[in-house]
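Given below, in the form of structure tokens, are the structures.
Next come two complexes built around subunit A: one with subunit B, the other with subunit C.
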Partner chain A sequence: MAELIPLLSDLLYARCGFTVPDGFVESYVKLHDQDWHRAQDHWERVVRWVLDCREVESRATSRRAMQQAVAASGAILHLTPLLARCPHCRAGRRVP
Partner chain B sequence: MNAHEPVPGGFERLCRELLAAAYPEADAQWLDEHTASAVAAADRAVALADRHADAAREDARAAMRDALSGLRTRGLSPDGPDARIETGAIALTASARPAGARFTVTLRADAADPVLGELAGLWLTARATGARAARLPVRYLGELTRQGVAVFTGLPAGRWTFDLLAHSRPGAFPMPAVETNVVAAATGGYAVAAPNGVLFVLHDPAGRAPVLEVGGTVDRLRVVWIRYRDRAGAARRLLVPLAPRAAGPANSRTGLPGFSPGLEWEAGDLMDPADLGAADAAAAADSVRAAADRRALRGWQELARTARPEVAAAIGAALAGL
Partner chain C sequence: MPTPTGEHQGGTDLVPPPREPLRHAVRRRLRSVGRHNGLRHWLSTRGIPVLLGYAALFTGNGFLIGWRRAYDVSIGITSPADTSAPVPAWFLSVAGWLLVPGIVGAVAGYAVSNAITSRRTRPLDELFPEDDDG
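== the complex of A and B ==
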């Protein structure tokens, strides 16, 4: 499934086929000190978790599931206090 | 939650655990409040994504229908086997190549990714019309891949036209509704060829007792399922056995109790009877009772001997009641 998770850089384009909050990609990458590779890694982990949630799985085909998961992940990471702290970095060795 | 080993669950649990991982110093009340707002944000985001995706899919379908209409006007036949139609959103290329006495037609839709992505998994039908076409107007099914390509094999000569089917579901061949208008009734015949080579012919589709004939080449006993909604709106599922013959393709006939000709229906791929389980027992018994020719009955008799016990018992009881 990981290969279908869109790149953060693709989400910068309005016609990418996914919906995320305005400014999400920029702030998420900034949270990771502009380390796009690390941000992408952490982004994919969250999307995979969201894909495991029943709210997505129960009523979606695979493409639709990914569209839902990307939208939900963007909202969870940008419209909550997670905007300021990455749970993966916090759980690891550093606090943003 | 260990941030590296997620536990599947709903948004509520996921949001709570992500917030707790990021803010281990937070108290329970803070977690409750922010979890609730995070779940609400996620729910709204999913609903928004659904609306955008629905709109994008409908736009893509409309663009594809426009392109197919343009292709119909332009024409595609053995005498003009290549065509390119450009609409605002899609460039549709069609090419037909002979394959023995028949033709393989490839449609390729070029479009930007959101449109192309929404086209993936949609099904089309192809049919040949005109004086050179076969008498039985068979429609050939083809599915658009993620690359926007649909291939139709075994098409007879004629003027080829294509239509987009309204419904599609993973793991099933969508079957077009029976056309019930005057022109369709006059031309008669309903036949659909699935990509796996199985042919579905509906006899007397608008009559009181429509019969479905399923035919194809099989090397051992196989089963095909069909699903439709009857006139009362109830879902019906029947199984059709296909046993190999010494010569020629296998075929079996089944009645379609309550079949409503104006509705789309669907069929499955060839199944190994060993995959039938207890959940199929009721459908198997209904199907035995709906069998409409000796070949179908012989197939059920063989299945009564070879299927799993729970299915074989249901088949045996239904055969005994005939």
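== the complex of A and C ==
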């Protein structure tokens, strides 16, 4: 369901309904030592937090709100100067 | 749930993802509540839990002091001191006094306020539907 926080594995597909930076899922899962469950847990926490941020339009609901939150979450986790960090496990190493 | 389709982008050197356990699926659904807005978000995060708490309080009192008595206490007809179990009845009475009118009033106020402020917010170009034929 496109209204729920998407599975990281689903974001690997071109037509998943969401937009994330290229290579984000791979680097984020590798950041968590390929522990999909832990990566998914931390990913969901980030998106849940971003859903309350101004990067999501205040009048956006359901699918549109989730799309904006996922895009913002992927961007901040992958494209900021602090590349490939996870705020929940403080895994700060760069992923090759 | 529609399956994502299209080209598989990257991730070829990752271990295959495991199946999502049911408890994780439930957790993901609960964490997705933030996608809602306004009243629906409030109901999901505050309203329904409060309502369930009140329902549990009413049910407990119903078994202790009888259903009719519980109803009378909750709407203030009967004093909780006049029941066979005054301690839980006091909680029910306070909830009936404070929570229910407050919440119902807030929801009604929100609905009215929303109706008032949403007047004349429709964009003009909605008059002509989008031409799908291009």
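The rule is short, and it goes like this: the second predicted complex is superposed on the first by the 82 of 96 C-alpha atoms of A that agree within 3 Å, B and C clash if a C-alpha of one lies under 4 Å from a C-alpha of the other, contacts with A are read in each partner's own complex, and residues count from 1 in each chain.
Just so we're on the same page, a contact is a pair of C-beta atoms (placed from the backbone, for glycine too) under 8 Å apart; a residue touches a chain by one contact, two chains touch by 3 or more.
The model shown is predicted, which means the values in this text are computed figures rather than measured ones.
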Quick check on the superposed pair: does A:Glu55 touch subunit B, subunit C, both, or neither? Answer first, second, both or neither.
first
Go through the superposed model and pick first if A:Ala65 touches only subunit B, second if only subunit C, both, or neither.
second
Is A:Thr19 touching anything from subunit B or subunit C once the two structures are fitted on A? First, second, both or neither.
first
Which superposed partner A:Ala75 touches (first subunit B, second subunit C, both, neither)
first
Check whether A:Tyr28 is in contact with subunit B, with subunit C, with both or with neither, and answer first, second, both or neither.
neither
Identify the partner contact of A:Cys86: answer first if only subunit B is touched, second if only subunit C is, both if each is, neither if none is.
first
Given the touch rule stated above, what does A:Leu7 touch, subunit B (first), subunit C (second), both, or neither?
second
Subunit A positions within both the subunit B interface and the subunit C interface are 15-17, 45, 48, 52, 61, 63
For the complex, which residues does subunit A have touching subunit C?
1-5, 7-17, 22-23, 25-26, 29-30, 34, 36-37, 40-41, 44-45, 47-48, 51-52, 58-63, 65-66, 69
Contact footprint of subunit A on subunit B as seen in their complex
2-4, 6, 8-11, 14-15, 18-19, 21-24, 34, 37-38, 41-46, 48-50, 52-53, 56, 112-114, 117-118, 120-121, 170
Help me check something: in the complex, which residues belonging to subunit A touch subunit B?
15-19, 21, 45-46, 48-50, 52-56, 61, 63-64, 67-68, 70-72, 74-76, 79-82, 85-88, 90-92
Which residues of subunit C touch subunit A in their complex?
1-2, 4-11, 13-15, 17-18, 20, 24, 27-29, 31-32, 34-37, 40
